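Shared between the two complexes below is chain A, which has chain B as its partner in the first and chain C in the second.
Moving on to the complex of A and B:
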């Protein structure tokens, strides 16, 4: 297989959570890292599973996954995480800080980034996602939509080069959804591509370059969206 | 007149918070009515439902003033198990609701606590799993379901309790297109059977099933006016 340098490539990927029950069935696909690629499909069709395989959170039973030419089997989660920002479908399970503000600052601080830079970037994101009035709140006590906005902010603060977002518009009202579309379009304009898993057709229409449809562990449709 | 749900001048502030989330809420819902509540994220919609199903003040503390009545009875004079025989709530986050080792146990849990006969419980499990199209998953662990499947099982579990009052907190957020259409139909049928329903929604498509739409804003409920200003999404 040609290891494309501008794509995430899946080569004959198979996966099951339990033996004898395949959830991902022999998927072969190249996802251009500059595109906004949306993955759609019914509940239980394997969208989240596929996203977790691309992110290295799950490892395939057979087949290979390449991240811009590099086999992710040879990369640690940390190495992948420095390249890709990943939004879980239920992001609150990942929260561990005592305040909203600290949740955003945590990773950049571990990385030892410049303090002033972190302060500025955090302030910007608190503002952008309208979290300022609750910046001292305990993340697990936030409303559902607030949790979703915090999770997005905590990912974007790391300035990832690629994003995998699982149901990013879940729980967002129209105002906040507009903000998210603007943010993602701006990032896309800066050359950052993303894979977005979603049931939100209006959102797909606004944002996608390519739409992949899954059904029972297979990709059954692959089309471009002319925006 | 006695209402299935009556809220009078309700104020509520979470413990440790400075601002009041609910700031004089009034609501009367008549039997067989479906009322939708819209409003920006974080404005207190879930908090209001917690007040109606007794989670506030029975589980969450904080400062509450005003009155919530279920069929004319003050919620403060009712214990949670008694409220549960009358009010069923599907939470916004299914993970907070599901805890049993199998889907079947999960659905049986509510009716068992209401002392429903064993045979009847079996029938209900079959019926509600069929409604949400999850018959195949009867013996699975709810933890190993997809996000949307969890939401479907959370809905099924509450339907199995057959309470007269149903509270739905954005229950379609992770459900696929066909599933959404199906559940909307189910809600219409429940209304037809005389159930009283309060649902929270961001999506305009899902509001069509409501008889009335109210907007929660600045801690108060008001008549819904403009779809653009209250945070509605047109799918």
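Moving on to the complex of A and C:
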């Protein structure tokens, strides 16, 4: 089997939450880590489950998943998390601190990074995601759009090489969505690829290189998008 | 077996009382056997429960060693130099603890064969204030959700690039302390939302309540309750004498 070094590869992957009821059916794809790949499909088609399998949160019932040539079954979640940033559909799940600013800072602090670097990086991200005015607020009390932006900022402080974003535009107004598109395009320009799980077709049109359409656990359409 | 949830509560109460009262391994084994038989009669998901209880084997080992090191007596089974690691008394006490916990867990699963609405109704008909009975049912319903949330938070923190198993113990405690915030706060927020929602649906709008479901004890229920109390008393008497 060829293990591509520039892709996330899924080989004959099957998965079900309940025995005998498959949610993901025999999926075989290679996702180029330089691309922006969008996964679309109706509710319950398996988009989020596929994202969680790619991230190692769920383990496949059968089949293999490779992250740039490495079998993710042999990697810990922490190891995967260092390489890929994951945005949960419900960003509340990934908040751990008492203020917006601390939420961005606390992982680099645990990793023991240089204090000056952490301060600069945090200021940059607060600015980029327009979070400065709420930097002392409690993350779980923010609006949905603010939570979404904070979750993204907290992921990006880790400088991941790839992103998997589950419904990143959920709760964002037109202006904030525009900003998000700019940020994601900028990151893409810096060589960070991403998989975006979304229903937002206008957003897909603006950023995607490749579109995968899912239906009942299978990829039924795979096409390139000319931007 | 189709019995009133109050009958099941009496059975659970009897079995748990026996598990706490009896301190003899042989007697406890007997009570465990009775608990398994009753659980099978009520068609509980025994395999799933046993899989979870399997983890208690480590607790057994830990308690056996701790008891052996700190309590004198019994025949020494393992020793390192002067230090006694495992004795027959330690092993016996560890075994007693695990069997006791198994009885309590297995008997508690009998009550889960009734739905939470029936349990609340049973408690209300036992003259327990509805608010308290409702609180108990919410507690039962939200426990699995809470466990799921803790698991999700552990996953989420690892996905931020933290390799928990590789960081030093002191730092690891610091990381775990971060888990407290999301779990605690989301529980409070959920409780607030729930209370708002039930108030809006007219909770305690009137002083008295009527119920669509009214439980009625059958002769079988009375017979099972009487037999349970009788057997429990007999076993306790037998054990004491």
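Keep this in mind: the second predicted complex is superposed on the first by the 227 of 227 C-alpha atoms of A that agree within 3 Å, B and C clash if a C-alpha of one lies under 4 Å from a C-alpha of the other, contacts with A are read in each partner's own complex, and residues count from 1 in each chain.
One rule holds in what follows: a contact is a pair of C-beta atoms (placed from the backbone, for glycine too) under 8 Å apart; a residue touches a chain by one contact, two chains touch by 3 or more.
Just so it is clear, the model here is predicted, and its values are computed rather than measured.
Touch criterion met: A:154 reaches chain C, while chain B stays clear of it. Within the superposed three-chain model, A:212 lies out of touch with both chain B and chain C [touch as defined at top].
Of the two partner chains, chain B is the only one touched by A:89; chain C is not.
In the superposed pair of complexes, A:140 makes contact with chain C only, with no contact to chain B. In the superposition on chain A, A:201 contacts chain B only, with no contact to chain C.
When the two complexes are overlaid on their common chain A, residue A:98 makes contact with chain C while staying clear of chain B. Where the contact sets of chain A with chain B and with chain C meet, they give residues 92-93. Here chain A touches chain C in the complex through residues 55, 57, 76-82, 86, 88, 92-98, 106-107, 110-111, 138, 140, 154-155, 158, 160, going by the rule given at the top. In the complex of the two chains, the chain C residues touching chain A come out as 152-153, 155-167, 171, 174-175, 178-179, 181-182, 185-186, 189. By the touch criterion given at the top, residues 17, 41-44, 47-48, 89-90, 92-93, 134, 141-146, 149, 167, 169-177, 199-202 of chain A touch chain B in their complex. Against chain A, in their complex, chain B makes its touches with residues 14, 39-42, 46, 92-93, 95, 144-149, 152, 170, 173-179, 202, 228, 230-235.
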